[in-house]
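Both complexes below contain chain A, partnered by chain B and then by chain C.
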Partner chain A sequence: MKNITTILNREFASYFTTPVAYVFILVFLVLSSAFTFYLGQFYERGQADLLPFFNFHPWLYLFLVPAVSMRLWSEERASGSIELLLTLPITLWDAILGKFLAAWLFTGLALLGTFPLWLSVNYLGEPDNGAIAASYVGSWFMAGAFLAVGCCLSALTKSQIVAFILTGTVCLLLVLAGFPLVLNFFQDWVPALILDLIAGLSVIAHFMAISKGVLALTDVIYFIAMIGLWLTLTRLVLQAKAAD
Partner chain B sequence: MIEVENLTKQFGSMTVVKDLSFELGAGSVLGFLGPNGAGKSTTMKMITGFLTPSSGSVRIQGYDIANHRQAAQAEMGYLPEGAPSYEEMTVAAFLKFIAEIRGARGALIRQWVDRVTDTVSLRAVLHQRIETLSKGYKRRVGLAQALIHDPSILILDEPTDGLDPNQKHQVRQMILDLSDQKIVIISTHILEEVSAVCSRAMIINAGEIVLDDTPEGLCQRAEGHLSVSLRINGVSDEALSQACSQLPQCGRVALINGGGVRVYPAEALKGPLAALQALMKANHWQPEWIQQHEGQLDEVFRSATGGRLQ
Partner chain C sequence: MNSNLKQLSTAVVAVLVFALLLLFSSAFFKGLRLDMTEHKLFTLSSGSQRIIESIEEPIHLYYFFSEESSRELTQLRTYADRVEALLDEYVSLSNGQLILTQIDPMPFSEAEDQADGFGLQKVPVGSAERFCISDWLAAMRWTTRK
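Our next item is the complex of A and B:
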């Protein structure tokens, strides 16, 4: 446990010694606000809630989260520091969890930076703050799932650009899984059970369920299982090709 | 104690390390010598637990690296090839991180960082980012992280690569200072380094140990060890070489470019000097000059690794 926090602290601090953190947080805040007010018609709707804000999160995360996760292992591979890290007396899980949690806390921090929106909506009306809190949690879990995907894919390559593109693509598939675009493709030739499974993989469906204010166990389990699965895959990838 | 048994590593169909075995006790400095791609780094990566061997075993102070990886890794300090680190960190933050991971807590962290900062002279750059440092300093940061927990075993992959002669001397002196209590393995392709710091040297070629001896022992295996070069007043080199090759103590005889003859021993460790002196005395020859040679490591290295001209 102590090893995980030591790695977490180092990773977390390293975001702020480079421009990455500031650029990310700035872009996230600017884009999420722009989407909310222009595309989401925050004022025009005349409703005191943050749905127009949260609705865009899956799309925003599609390219912002890979930008955070791409360096997790690719950078270690490229600089050779992976050899240093993995010959320290720690387990692979220590390293994976420390890195993942640092990235996840970092996106959480960016998310917290949007609190003025929450203040505004409370000033303008009487929103359902429970639903907003649930949405924040849901959004954070969704970011976590994307980060876990990115963690695994960045372990595959020393090129951060490759990691970015792969992660973006896989996350896009996960987002689209519940959409007719994907489901229609499978509809005619796979059994209904599998079709349900594919639809059930959809990040959006689970996120929307949470952002309606219902923090259902199944949705939370879905995100935790996603994170667990992709981090386990990360471990397999590292075991198989740490030194390549 | 390091025990390496039948260590083998294959990448696909290529065998990079073949059936390597050796043991090493406290107070020894082992030098891995070999051309690039001989398998030195791969061997070190397996000893430190970064790579899993295809077969064979490594035991570090009794801990098997396969089953007790963390316990074995805690005993070792490792400088990987190229001295990688987290370059966006300051030297102090980086060393503090390593100290913490290595198990130091509270005041001990400070103590460890302080001690190692002095050992490798990093005080002046302690609060600079590693990426801004010169190559020599980066290498020293790498050494510092390997030494920080005062490990009983040090594995250093090309510790002096890229350093200037003064820095090289410093690092070698440091290794010598540390070596009486510890086990040190260094890899290098700088031959003088082996004579300077190692108590034992292994020449590795194509993944196999071809020679394993003390540096002096290795030098004695050179063809030129105890060979003699000489020139005689008033005697042509051709006639001299003719006369020399009659002696049973003399092996190959070669004409030296620019004048003189070099006589190699017929049998290792039995130089022809005495026989040549007797020959000169019998013929009343006066030498213009005469010199006996010690074996050179680079000669042994080239003949052992087959690298004459490839």
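Our next item is the complex of A and C:
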């Protein structure tokens, strides 16, 4: 546990010693507000909620989260510092969890930075703050799931660009899993059970369910299982690569 | 070689566990949810609870949902899960007085005629015109006829 927090602290601080943190947070805040007010028609809707804000999160995370996760392991691999890291007296899980949690907390921080929107919607009307809190939780879980995917794919390669593109693609598939685009492809030759499984992979469906204000155990399990699966795969990738 | 095999099997086990969790969590943990909305929008009010508990004669609820034509409509399917969870909650509170029947109105089946008989209308979904979902309000209304 102590090892995890040490790595977490070090990683978290490293975001702020480079421009990464500032660029990420600024772009996230600007884009999410622009989407909310222009594409989401926040004022025109005349409703006191943050749905137009949260509806764009899956799409925003699609290219912003891979940008955070791409350097997690490929940077270590490219610079060779991974050898030093893995020979330190810590377990592989310590390193993986420390790095992942640092990135996850960092996206959480960016998410918290959107509080002026929450203030303004409360100033303008009487929104359902419980539903907004649930949406924030759902959005953070979703960022965590994308980060876990990125963590695994970043461990695969030395090149951050490759990690970025791979992560973006896999996350796009996860977002689209519930849409006809993907389902039509499988519909004719896959049994209904498998088709349900593929549809159940859809990040959007689980996120939308939470953002209505109902925190169902199944949705929480989905996100935790997703994070668990990809971090387990990260560990396997790191082990396999270490053997080379 | 040996360690490679071990890693591969770990990966396969991890993916399998994940798939099973996804498939069966919705069946096992159906009703377990935390309603965070301020006015408890998704929780039965004490008024509805009292009404359901005081039902004296059996009432049949028919819930029509077309599995086949909703296949690609993921959002509608998650909505259907919620409707189902709500209906189940009614039934569990009713001391057996509410009897829920789930019907999948396949095209050209008796079930489809039954849905017609209740006055449910086909809703065009995608390319074909099929039965989709009966909103739970509609479902409730039709039952009072029985």
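In this section, the second predicted complex is superposed on the first by the 242 of 244 C-alpha atoms of A that agree within 3 Å, B and C clash if a C-alpha of one lies under 4 Å from a C-alpha of the other, contacts with A are read in each partner's own complex, and residues count from 1 in each chain.
FYI, a residue touches a chain if its C-beta (ideal position, glycine included) is under 8 Å from a C-beta of that chain, and two chains touch if they have at least 3 such contacts.
All figures in this text were calculated on a predicted structure; none of them were measured in a lab.
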First, second, both or neither for A:T91, with chain B first and chain C second: first
Which superposed partner A:A34 touches (first chain B, second chain C, both, neither): neither
First (chain B), second (chain C), both or neither touched by A:A199: second
Chain B versus chain C as contact partner of A:N3, first or second or both or neither: first
If touched residues of chain A are counted for chain B and for chain C, the larger one: C
First, second, both or neither for A:F179, with chain B first and chain C second: second
First, second, both or neither for A:L215, with chain B first and chain C second: second
Residues of chain A contacting chain B in one complex and chain C in the other: 243
Touching residues (chain side chain A, partner chain B) in the complex: 2-3, 6-7, 9-10, 13-14, 17-18, 79-81, 83-84, 86-91, 242-243
Chain B residues touching chain A - in the complex, by the definition given at the top: 45, 48-51, 70-71, 73-74, 76, 78, 80-82, 84-89, 93, 97-98, 100-103, 129, 145
Residues of chain A touching chain C in the complex: 128-131, 133-134, 177-180, 183-184, 187, 192-193, 195-197, 199-202, 204-205, 208-209, 212-218, 221-222, 225-226, 228-229, 232-233, 236, 239-240, 243
Chain A-facing residues of chain C, complex: 3-4, 7, 10-11, 14-15, 17-19, 21-23, 25-26, 29-30, 32-39, 41-42, 67, 71-72, 74-75, 77-78, 82, 126
